[in-house]
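Worksheet: the structure to be examined is printed underneath.
Chain lettering (A, B, C and D) follows the sequence in which the chains are written, and residue indices restart at 1 in each chain.
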């Protein structure tokens, strides 16, 4: 049984919550707690190896928490996702393979692409692929079609697996803390569209990738995971891009694993990750 | 205020302990808890940003715990260490520099060497250096002299900073979970005395170092920290040793930082590290 | 144009070879050279950005080299591989995806499994899968069937992508320096069959994976690439195995990339890798 | 014997140079060569395990190179450095320890600080410390005093070991490719003065450090080495700074090791590093 709590902090919160858990006979296997002192914000993740009635438990827990607290008991274990892509295959293929072998921690409902390139790989895994070209209408129309498809599927999360269009504030606002992106650089270095070209010009010795929740500030949403790999003077901009794809695949997989196992809390522009 | 607890697990432990903390008005900043299910063993580290009377607190906590529980309230903040060395300077110098600038998290009381090589660097930092040669008498005599010096100083921990003599079971038994070693390889690969030669012969592409508590099984004590660095075919055995020294210095520093900040629990042959 | 040379070393080798290249009008983009002093062994890899007639070039180069020198001009660019698997999908799926998108650096001819589990994923990518059960006959019969399939395909390399049977000396001798394995540990730690159980029991803080050429010494062949990832006390043996699969996939991909781009020389029990 | 060459590229350069080396009886142990195709620029580093008369060799080599080529035969092996510091001890202490034990690859002639904080540690190692306060006069006067001290010592390199004043274009121009800085972030992220505060606000999961040659573009000079370490939500800005100091020490040490072993070429705003 998984219990997630986020609220304003006060003395005795852990005691009050854990007393309820003990009264319910729950055996805590892992308890992670963090207080962001600068914001007086309390975060807690509890894993118990047995179960109790969740609605009664939530009610009991809410009674000891401040009114605006966020509580989640056994967040949906069979999470569903819709994946948005453009042309690059590496992140999508990794997701499809894990989906196929039931190790993704979520189920891929469908893939939406603004180019037809990745339809074939989706078909190989019997995953519906919807082509929504950004050239058919204006952005409003384009995003409207994507939102229709998302609404039909009702996913928990929307994963941007190298989706190269910038989403409008309206779109982003419709799915707060539910859109996960992989950015092709070690943010905040090289924000924007051509990070490998920039990295090459700058002669960096490491390149990185960043997975983050999407907000309306481009490339500025809460960071979930980051990784780097070494490069050197022999790397052309293309070589850096190739090396970058490896690390993009890896860091998005890691971020999804963390999010899908309910280990990531979002508050303001940061994450608390109980690895 | 720091509270450390290790005991047999049971339902309600977190609740009972945290109720006591709340009653004492302690504001928990960070709570880390882990249950080793295979051993039914409970570990907890609590950091509060205010204080209460420690003896009364310990008494209250012990009342709710199984009889053999280990409880430590505010473990000595001004820890003291004795450092044992042979000839190599890199780990000792790093410790002496941090000691000098009060960033070690402990105070170096003295250094004991079985060779005179490192007396000079100790003098530069006004740290007493005691030469105890292993050639003056037998092992019993040798270790007896070292133990006298340790007893005079009464350190919390004994740090083997590239001390190249194997300590007897009697010696080790006198300081359980208090002797910290840096081993010059990625254990359990290359246990024993010539790991860099072995690594070179094997053509490995990474070399590592391991810091661990010392037990009577050579190189088999509970591991605190491990790190690796890449090497390649151009490295001679000597080059690997040089690269290894860098990583030895780094991993011992990290292990000491973890131990001195009371983040490491030992149980059987493993550690629980609340980083 | 790629030129690979391995031979006994002597003064003037670089000069003699590069004079031939200059006379042929080749423009050297990258020259890597290494002399293993302990063995007096010379290794060179040259990349030129233009071409010349390869047979005449090889003849000219061989004339200035010791008789037993190994020379390879433009090693087959369209390399072919046969992949051997058992039950685990992660390495195979990664190879199939890269094969599908032409980024593997080689072509997968077929997959041979001693269990039927991975037939489905092969079918999705239209790659022939051959089931050769180790239970149908003795080891001689089992390996005979596999060798027949290999001979039918004539691959450059045989990739053991989590193939869990130990190959006989005869089998290994038939494909010297052509069988690439991924071993599920940081060799030489935890050689043998249950490394994650061993790593868990030992309480390590890093786990690794090793890709190596297969020789008749179990897990002792020349190492191509190694990587590690951090683990901690919360990892069960199963968690370590899961984390290990990620690093196994990554390190095998890296090793294949190096081998398929003709950057790996083998000599005795080591590799020279011109990354 | 070490030979360094940088020039415009042309066909046959390697052949012509290596023919000269062979004629001189030099036995090449390691040859590294790189051509930057975008700039048609040639870089070569040769290590031989015997010697020949250097002036004749340089003359012979220059004869086959374009007129503006840079050639360096046996670059000064006993390099000398002057270290500039402000208040932070970690990089300086690491340099002083290596200097003391002859493992720095250079000799520290003196340390110049704009605060008196680090005089004590210099005295412990008998290294002259010169206080040049930036408050005594204007920048012109301040830098004038520092340059006088540098001129008195005639160092090969000037190492900014956490020197927190921005040097003027005149100062920088006086020591082209000879001033090495450690920047407290993973450039180009967080250029400027408060990177750890910025990293904390941004909620990054990795922090880094960059060592680079100083040019007149602030934090924009050719990068020599970069490293990162993981951080998480529990890190305050101060914790990030502490973790950053560890990586700063490590990356500056690495950069100095590369520069002092003559493995770093500078061209325009990048480095070629033959590790």
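Convention: a contact is a pair of C-beta atoms (placed from the backbone, for glycine too) under 8 Å apart; a residue touches a chain by one contact, two chains touch by 3 or more.
Composition by chain, UniProt nomenclature: A, B, C, D = Formyltetrahydrofolate deformylase.
This one's a predicted model, so the numbers in the text were calculated from it and none came from an experiment.
*Asks:* Name whichever of A-D and B-D has more C-beta pairs touching across its two chains.
*Replies:* A-D is joined by more C-beta pairs in contact.
*Asks:* Report, in whole Å, the distance between the mean C-alpha point of chain B and the mean C-alpha point of chain D.
*Replies:* 35
*Asks:* Centre to centre, by mean C-alpha position, how many angstrom separate chain A and chain D?
*Replies:* Roughly 40 Å, centre to centre.
*Asks:* Can you list every residue of chain C that touches 2 or more other chains, as numbers and ranges?
*Replies:* Within chain C, the residues that touch at least two other chains are 30, 34, 234.
*Asks:* If every chain is a node and every touching pair an edge, decide which shape results: line, ring, star, complete or other.
*Replies:* The chain contacts form a complete graph, every chain touching every other.
*Asks:* Of all residues in chain C, which touch chain D in the complex?
*Replies:* Within the complex, chain C touches chain D at residues 9, 11-16, 18-23, 25-35, 37, 49.
*Asks:* Which residues of chain C touch chain B once you look at their complex with the stated criterion?
*Replies:* 34, 36, 186-190, 198, 202-206, 208, 222-228, 232-234, 269-273, 275
*Asks:* If you look only at chain A, which of its residues touch chain C in the complex?
*Replies:* Contact set of chain A toward chain C: 30, 89, 93-94, 97, 100-101, 103, 121, 124-125, 234, 242, 246, 250, 253.
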